[in-house]
Each structure stands twice: as C-alpha cells, then as structure tokens.
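Below, chain A partners chain B and then partners chain C, in two separate complexes.
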Partner chain A sequence: MLFLQLLASGIQTGILYALTAAGFALIFGATRIFHVAHGATFIIAGYTYYELHQVGVWWPLATLAAFAMAIAFGVFMALYVYRPIQRSEGSFFTVFVAAFGASISVQSLVQYFFGRGSVMVSTPLTMAQETLPGLYLAPILAVSIVVAIIVFTCVHLFLDRRNAGLGLRALSESPGLLESFGLDSKRLTILAFVIGSALVVPAAIFTAVSIGIQPASGHRVMLISLAATIVGGIGSLRGAVLAGLVLGVIENLVITMVDTQWSEAVSFLVLFAFIMFRPNGLFGTAVKK
Partner chain B sequence: MINYLFSILTLVMIYGIAASSLNVLVGYAGIFSVAHAIFFGIGAYAGAQFSLLVSSDILLSCLVGAATAGVFSLLLAIPALRVRGEYFVAAALGLQMVGVTVFSEAHALTGGHGGLVGIPPATLLGMDVSSPGLFLLVCAVMLAIILYLVRRLMRLSFGRALMSIRDNETAAESFGKNVPKLKTLAMFVGCAFAGVAGTLFAYNMMFVNVESFTFEQSILMLAMVVIGGVGTLSGPLIGAIVLLSLPALLSFIPFIPPTEIGTVQQFIYGALMTLLMIFRPSGIAGKL
Partner chain C sequence: MKTSFHLITGKQGATWRRGVATVLASAAMSLAAPMVAWAQSYTLGTLFPMSGPNAEAGAIYTNAVDLALKHIAQDHWLKGTISVKPTDSLGTPQGGAVGMSRLVNVEKVPYALVGFTGVAKASAPIGDRAQVMMVNGGAVGPDLAKLSKYFWNIIPLANQEVEFLIPWLGEQKIKKIAIIYVDDPLGQGILSELKAGLPGVGSELVSSYSVAPELQQFSPIIARLRNDKPDAIYIASPNITQIAHIIKQVRDGGLNTQIITYGAANFPSISKLPESDGLIFTSQAADWGSDEPTMKRFVDEWRKNYGTEPTTYGLNYYNGALLYGYLVRGLEQAGKPVTGTNLLAELERVGHYALAGGEARFSDSTVTTAMQINRISKGVTEKVK
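Showing the complex of A and B:
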C-alpha cells in the first residue's frame, strides 16, 4: 500500500512538473531562449491567486487574474529583457544571467511583501479520504489529472492544427526562412511566451492549494523544468511532459529505497546521467555542437 | 567598529579570491559554471578537516583545500568536455543540487547539517595569525598571490589558448590546440583557487556548514564576476566589494527593517544583473 500511496503522490508531483516543464520546453523549443525566469512566473501566478483568495475573490476570477499576471510577466521578459539582448547579439550566457537576475529580483520582492514562509490556500479539495484500505487520496489528484489532460490536449491541437502553431514549430527550425515566407518572428516569439507562461498557472495554483507555495519555490520549479526539458529532449514538448511526470514519480518512489533527503537529488542525478550519456534526451533530435 | 570593518574586509578578500577563481572558468575558459560554491565548499571542508586532524597551519591547509577541490573539478570537467551551452549549465546545476545533498548527508566527512565546529585558530609557521588584523593581512596576501597567478597564467600561451577556445573552439582546435587538456587544466586551476578561498573561509568563520555552499552562494559568486566584469582581472574583486558592502550600506537606510536587509540586497543584485546584461554586458570593469 505504501507503494501505491507513493505512486499517487508521485503522479500528483509529476503533473505539476509536467505542466511547468511544458511551458519552459515550449518557449525554449520555439525561441531558443533559455527562460530561467520561468520559476518567477510560477511564483507570480501562485501568489496572485493566494492574495486574491485571501481577500475573498471568487476562485475563477482569481484564476483569471493569475493567468493575466503570469502572461504579463512572460511578455514583459520577452519584450524588455530578451529582445534588447538578442538585438545586440548577446551570447547565451548573457541571456541566462539577465533572466536569472530577474528571477532573483522577483523572488526577493515576493519575499519582502509576503515573507519567507510558505503560504497555502485551503480548500476542501485537499482533504484526503481513505479510498482503498490504507490508501489515502485527495480529490485534488483527480482534478489535477483532468486539468492536465485538458491543457495538454488543447496545446497539442493548437500546435498541430493552427497556423500559428505551425509557425511556432517553424520558428524553432529557421527564423530566417520564416521571415522570408512573410511570417512575423517577433509576434510568434511573443505567442510562445504567452502560451508558455500560461501553462505554468495551473501548476502554480495546484501547488498553492496542495503543498503551499513559498518564494524559494521559483528556483525549484525552474530547475525541475530545465531537468525535464533536457531529459525529455530539447524541442520535444511530449518529451518534456513525459519526463516531468517520470521525474515526479521517481522522486516519490525512491523514498522506499533511500532516505527522503536524497529524493530531490535523485532527479538531478538522472539529469546528470542524461547529459553525460544521452544529451539528446528521450525524444530529442541530435544536438548541434 | 574596527573589528567590524576588518571582518567585512576579510570577507571581501575571501570572496574576491572565489570570484577571481570563477572568472578563470567563466571569463577566460568560457565554462559557465553555476556550481562554484560546491568547490568553495569542498575546499572549506577539506581545509577544516585538515586543521582539526593534522595541523592548523594555514598555508598547508590552503594547499590541502586547493588540491582536494582541484581533484573534484574533474566531476565538472567531464561534462564540460562533452556538452556546452545550455547543457553544461544544466549539468552544473545538477552537480550543485547533488553536491548540497552530499554535504548535508555525509556526516562523517562534513558533519551533516550541524557542520564542522571547533576549527582551531589559524597559525602560520608556528605563529598565531588568528587576530582580525593579522588574518586580514593573510587573506590580502593570498588574494594578491592569486590575482598575480591569474594574470601570469592568462598572459602565457596557456591563457591565450584558453581565450581562443572561448572565442572559437573549432578555430582553436584547427590550430592544433589540445582543447580537452586545456579545458581540464583551466577547470583544475579555477577550482583549486576556489578551494583556497574555501579554506580561508573556514578559518575565518571557525565553523562550516552546508548553508554557505548552496545554489544561492554559487549565484552570488557568479553575480560578483558578472557585475564586476567577465574576463577582467579587477572585475571579480570590484564585484565582491560592491556586493559585500551592500548589506553594510543598506543598514544605514532607515526605512528598511534590519531583518529584510538580506532580501533587499538580493533584489538589488538581481536587478543589477539584469540591467547590466541589457545595457552593459561587459560589466563595471569591462570594455564597452
């Protein structure tokens, strides 16, 4: 039963990872921008929802506001941080440092106003019930599975069928060629940031509801998204989602074998192993040297 | 008051060494390590264990710290040779996260979360150098030696070859440079210097635990290098001075509650990193 219990919490964690990783992977895949401020988007969304919930705003409105804030931040980063750096042909590292600086600033601002500790939104959804003898499940697990399936189906349909989705995939392959076909690569970049940032919102809200969110969660989210993107294979959204899910499950299942303190390190060992032995990831195309 | 000034200056020297050592990797070799606090930590633990078990001579301890950190640099040299760019940063992040777990769980070597306590006062050739003034002098001399070494090394063919790899690896290789060897050596040198800084840090605090070697610390060191100026000799030192004097300066501003100084400092350096990358990517000391 312990195994099933851990598997259930692994799936719960894995869904959160999959959602955040999908956003990161989408942005990185389409624009080749290493958006490490993705974790900051996560805490912005989470704290917006929390604050509005505290003042008694109806939850769908709070959710909408969280979406608005997350998207606004993502687009802001794209327009005012990444674009000027790319215009002056800054290296990958310049982008990385700038994005990292931004996420540190956001984290410390949130910390200043809300404190270091973790905050939690309480709902009846997180009350665990004994579903099977010895197995306690909360309704939030079902809710997050359903939401994740809906979200991923929508994203998949959008990327596969719509013109803009095709454009995004083209953007990752050859921005120059895209321009010569009369598509606007700047607008597509913004689009990638809009979708990518929006994807993180459900994960942020689920985290705030189920385990609580704190300013330092941003770093963790960023690291996990990064790990899942690489393990899944850069450029593959499907890979990132699957890798996020797998990392979440592994992290919980290893508790049966090693001390809990090691469970987080296991994800990064997996990442390290992939980088060393299979840098293309699960579904990635060959890495360009 | 004078002791307070000494303690800040000592920290500036120590972090100056750490940032300069990171600059060898980031600025000269183009290896974007975000796990430098791990090597700083390995140096600190090795130096501390040496002082507890063998001798409190600061020179010998620094050598031990440097050698240990240098050997462990291979952990990061292997991915540095195999992948680059985003992949390397990710590998370094992985090493950083696993390293912190090892630091806090390997009780026999690191004392776990409690850390290593009771590090004896530093001596140099049998002389006690643990008073704030003398210790500051030791750190300053060490910083001067390391800055001199970095300057010498980067002017030799080693440094020039390294910079050519940073700027264009394929071109350097086609000119017959042994890229793997040069990169591994650069990693070794950079991490060994970080080990020296770590050992000095351990003696300075007389106590080490994992708190000082976290991801945030790696980023702080990176911020020093980037804000000061990547690939310049004085840049990392300038960065260390700017970032370490911030908390002291902020404490003079009346409307910031003392408990929030750390947060405000973080905000300022985060914002500085972003703004500098947009408007002046070469840093304070860099050429435009």
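Showing the complex of A and C:
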C-alpha cells in the first residue's frame, strides 16, 4: 500500500509539474523565447489567489483574478521586455538576463508587499481520508486530475482545430513563412504568452492550497519546467506534460529505494540522462545539420 | 638686516603665519579630539537573512535591533550614536561568508549580530581573523559553542534544548520518535542528541528522514511515517518555511501524531498556522508578563510598534544590541577606542549585564539561560514545563 500511496502523491505532484511545464513549453516552443520569468508568473497567480481568498473573495472570482494577473504579467513581458530586445536583435543571453532580472524583481516586490514567509490557503480539500486500508487520498487529488484533463483537452483542441492554434504551431516552425501567409507573428506571440501564462494558474492555486507558496517558490518552478521541457522534447507540448507527470511520480516513488534527501535530485538525474542518451527528449525531433 | 616686520610681511611672513596657524590648529584639535570621538558614530553590523525563505526571521531580528538602539538613544547611554550596517546573509553559508567579509572589510564594524547556524559557522573565521566581536541570538547548532573567542551565543543551543526535552518525553511516555531533519549541523546535532538520550528514558528513534533544505513537498515522507507509526515526529530544520510546510502536510495527510520541534516554532508563520495546534516546542524561558522594567519595556513597545507578539529570537537580538550599548558605554567611560578586541576585553572584565529578562552572566562564549517546554493552543503559546 506504500507504493500506491506514493504513486498517488506522485500523480498529484506530477500534475502540478505538468501544468507549469506546459506553459513554459508552449511559450518557448512557439516563440523561442527563454521565458525564465515563468516562475514569477506562478508567484503572481498564487499570491493573487491567496490574498483575495484572505479578504473573503469568492473562489471563482479569486481564480479569475489570478488568471487576469498572470496573463497581464505574461503579456507585459512579451510587449515591453522581449519585443524591444528582439527588435534590436538582442541575443539569447540578453533575453535570459532580462527575464531573470524580472523574476528577481517580482520576488522582491512580493516580499515587500506580502511578507517573506510562506503562505497557504486553508481548505478542507487537502484533508486526506482513508480511502482504502492504508491509502489516504485528499479530494484535491481528484480536483487536480479533473482540472488537468479539462485544461489539456482544451489546449489540445485549440492548437489542433482553431486557426490561431494552427498559427501558433506554424510560428514555432517558420515565423518568416507565417508572415508571407498574412498572419501576424507578433499577435501570435502575445497569444502564446496568454495561454502559457494561463496554464500556470491552476498549478499555482493548487500549490498554494496543498503545500503553500513563498516569494522564492518561482525558482524551483522554473527549474522543473525547464527539466520537463527538455525531457519532453523542445517544442512538444504533450512531451512537456508527460515529462512533468513522470518527474513528479519518479520523485515520489524513488524514496522507496534511496534516502529521502535524494528525491528532488532525481528529477535532475533524469534530465541529465535524457541529455546524454536522448537529447531530443521524448517527443522532440532531431535537427539535421 | 631684516626686521621682524619683514618676517611678518612678504613670503617669509606668509610662511611664518602658516606655521603658527598649523601649531594652533593642532593644539585645538588635540584638545577637541576626545569630544569629537565621543560624538562619533559607532557601527553595529547585522548579518541576517533579509531575502529568501528565511527573510521572515531577518525582519524580526532587525526590528529587535532597531528597538534596542531606539531605547539606547532615548536613555542617552552613549555620547556617540550607533548606526546599523545591515547585510543580507541569505540564510546560507556562502551568503554569511560574503556578508561578514563586507562587514569586516568595507563597513569595518567592531561588533556584529549573526543568525542561522550555517551562516554563523561560515562567518565566524572571518570575524575572528578581523577581531570582530560576533553575537548569535538565533542559531542553535550545537557546534556553535566555542567557535571562537570572539563568538558569543546568547541563546541555548539545540543540544541543550533536546537535553531539556528528553526527560519530558519519558514523563509523557512518548516511546517512539521519528525525526525529519535537514542534514546540516543543526539537524545532525539534534539527531545525535536524540539517538544518545532517548534510550535513557525508555524511548527510541524509530526512523529518521533527511531532507534537502529547500524541499517543500513531503507527501512521500508522510506516507513512510504512516507506516512507522511513531508516537511523535520531531522536525529539525533551520528553515522556518519548511517547518511550516511539514506541519501542514503531516496534518493534511491524516496523521494526528504529536509534532515536536525546537525554538523556531516561535516564528508567527509556524505558531499561527492552524495545523500547529498542539505543537510542542522547546525554547529559552521568557516571561512576557514579567514586571522586570527592561523586559516590560521590550514587550510593551514591541507590541505597540510591530503589532505582533514578541518572540524569544526578537528578545535575544534586542539583548544583543543592548549588550553592545553596555560595552561601548564602558569603553567610552574608560576612554578606549571601540574595537572588537576592546569590546571582548570589556565583556570579560564585567561578565554580567542587566538585559531584558534579568541579569545575564557571560562566560565561556555563552550565556546561561533557563529553558521551557511550550505548547501551541489555538494560536497561543502556553508554557507546559
């Protein structure tokens, strides 16, 4: 039963990783912008939800506000940080430093306005009940599974069937050709940031509810998103989702074999293994020289 | 033949006048120097985590220091003034080393308040080489005892807290203990004290789980703890946020096992957590209702200025800053410069001072303090023993 318990925990962790990784993967895959400030989006969404919850705002409205703030931040970064850099043909490193600086600034602002400690949203959804003898599950697990299925289904349908979704996929392959078809790559870039930032919101809320968030949480979110994107394959949204899920499950199951202090390091060992033996990731494609 | 008149006018006269002016100015300055020195600013360095997951602690420590300096100024203890040179340690050894280097080489402080075990251990050699007096009011790692002759602890160390706890565990018939600890000097110290002391009261350490300091997700460990069926879970982490996460997730995971920790439970993010109800923790003794004037003033003004209940960590850093005031006053009265070496000599010479909470006796790099066991009940800390 320990194995089942750890598997259940792993699935819950994996869903959080999958949601954050999907957002990053979508943005990076479509725009090739290394959006290191994705972790800051996570923090903004989480704290927006927490603060509104604390003042008694009804949770759907608090959720909508979290979406609004996350998307606003993503669009702000796209319009006023990345676009000027791209216009002046700034390098990848310039983008990285700018995004990293934004991430640190957001962390500092959150600390200044909302304090430096960890915050958690108290809810009965996180209280585990004995579902089977020795197996304790909390309602938040079911909620996160349902939300993840809905979110990923909607994103998949959008990317597959809507013109804007097809445009996003085309943007990742050939921005120049896109323009010649009369599509606006700038607007599609904004759309990528809107969807990518929105994807992180459910993860931020579930994290605030289950384990709590703090201003420094964004860095770990960013690292996991990056690891999952690479393991899943650059440019592959489903790869990032699957990789996030797998990393979460492995992180939990591994403690049956090794000391608990290695559980987080395992995610990065998996990353290194993929870089060494399958650098294209699960669903990435090799680039011919 | 040149007359004195010629010496006063012309080039030679100018030279003579400059010479006289120089002599007069030197005489005036040598007379004024003591007064200038006493009107000077003294510096106090702080090496606290002002950012990162332990920034909450840094804010509390800083508030305590500010309050103490305000009281020193109000009571006109000194002819000079004390200004704070704050440095962010990030709560990490690397941050501690960099921060102390800055305090020593750039700010040139003679006295520094430090916190967090890893920070203290990394910064102590740097402060020791520069002969800067360092006072710790928050770190509890056992190996902070006798770190350096310049390094003083005004807080009981973790091994002393666990030594105090173990007999109580025996009295309460808490037989099986599990520990979740960070593999650092604090965690290792508490682990070894429990391993050594529990058999003596008929208890045992049934399991131990080492975690990384930044880990936030504990569900796999909680699953293992459920299998272990301990009577109590001890949390030994230097990271306040992490302790709060563990407590919440243990309760959310359906485990109603008694949770025990050390003095870090004083911090509001732990003590005010709903899931902390029933938490047991050890700490130095502090009577917030005491009528002792310095303590009463500290408690009343802390509540008034900061709108929260005081904590023992705040008290320690308040006392740490008061101690500096006492030492500087002693040196001022003796006409000695305020250096780390002189501060240490003054402390060793006097050996005891009236701090908030009563008279503190300093010897062997530490201060003797009483301890107590507390329980959190509906957000309020109650003394158990």
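Just so it is clear, the second predicted complex is superposed on the first by the 286 of 289 C-alpha atoms of A that agree within 3 Å, B and C clash if a C-alpha of one lies under 4 Å from a C-alpha of the other, contacts with A are read in each partner's own complex, and residues count from 1 in each chain.
To be clear about the criterion, contacts are C-beta pairs under 8 Å (C-beta built on N, C-alpha and C of every residue); 3 or more make two chains touch, one makes a residue touch a chain.
Computed from a predicted structure; not experimentally measured.
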Chain C versus chain B on the shared chain A, clash or fit after superposition: clash
Contacts of A:A66 with chain B and chain C, given as first, second, both or neither: neither
Which superposed partner A:V155 touches (first chain B, second chain C, both, neither): neither
Which of chain B and chain C A:A30 touches, first, second, both or neither: neither
Contacts of A:S217 with chain B and chain C, given as first, second, both or neither: second
Partner chain(s) touched by A:Q111 [first = chain B, second = chain C, both, neither]: both
Touching partner for A:E264 - first (chain B), second (chain C), both, neither: both
Touched partner set for A:Q12, first chain B, second chain C, both or neither: second
Partner chain in contact with A:F96 - chain B first, chain C second, else both or neither: first
Touching partner for A:I205 - first (chain B), second (chain C), both, neither: neither
Footprint overlap on chain A, comparing chain B with chain C: 107-108, 111, 259, 261, 264-265
Complex interface listing, chain A residues touching chain C: 2, 5-6, 9-10, 12-13, 107-108, 111, 115-118, 120, 122, 126-130, 134, 136, 138, 210-212, 214-217, 220, 251-253, 255, 259-261, 263-265
Residues of chain A that touch chain B when the two form their complex: 28, 34, 80-81, 84-85, 88, 90, 92-109, 111-112, 219, 223, 226-227, 230, 234, 259, 261-262, 264-265, 267-269, 271-272, 275-276, 279, 287, 289
In the complex with chain A, residue positions of chain C that touch it: 51-56, 58-59, 183, 209-212, 214-221, 223-224, 226-227, 240-241, 244-245, 248-249, 252-254, 267-269, 273-274
In the complex, chain B residues that touch chain A: 26, 32, 78-79, 82-87, 89-91, 93-95, 97-98, 101-102, 104-105, 215, 219, 222-223, 226, 260, 263-264, 266-267, 269-275, 277-278, 281
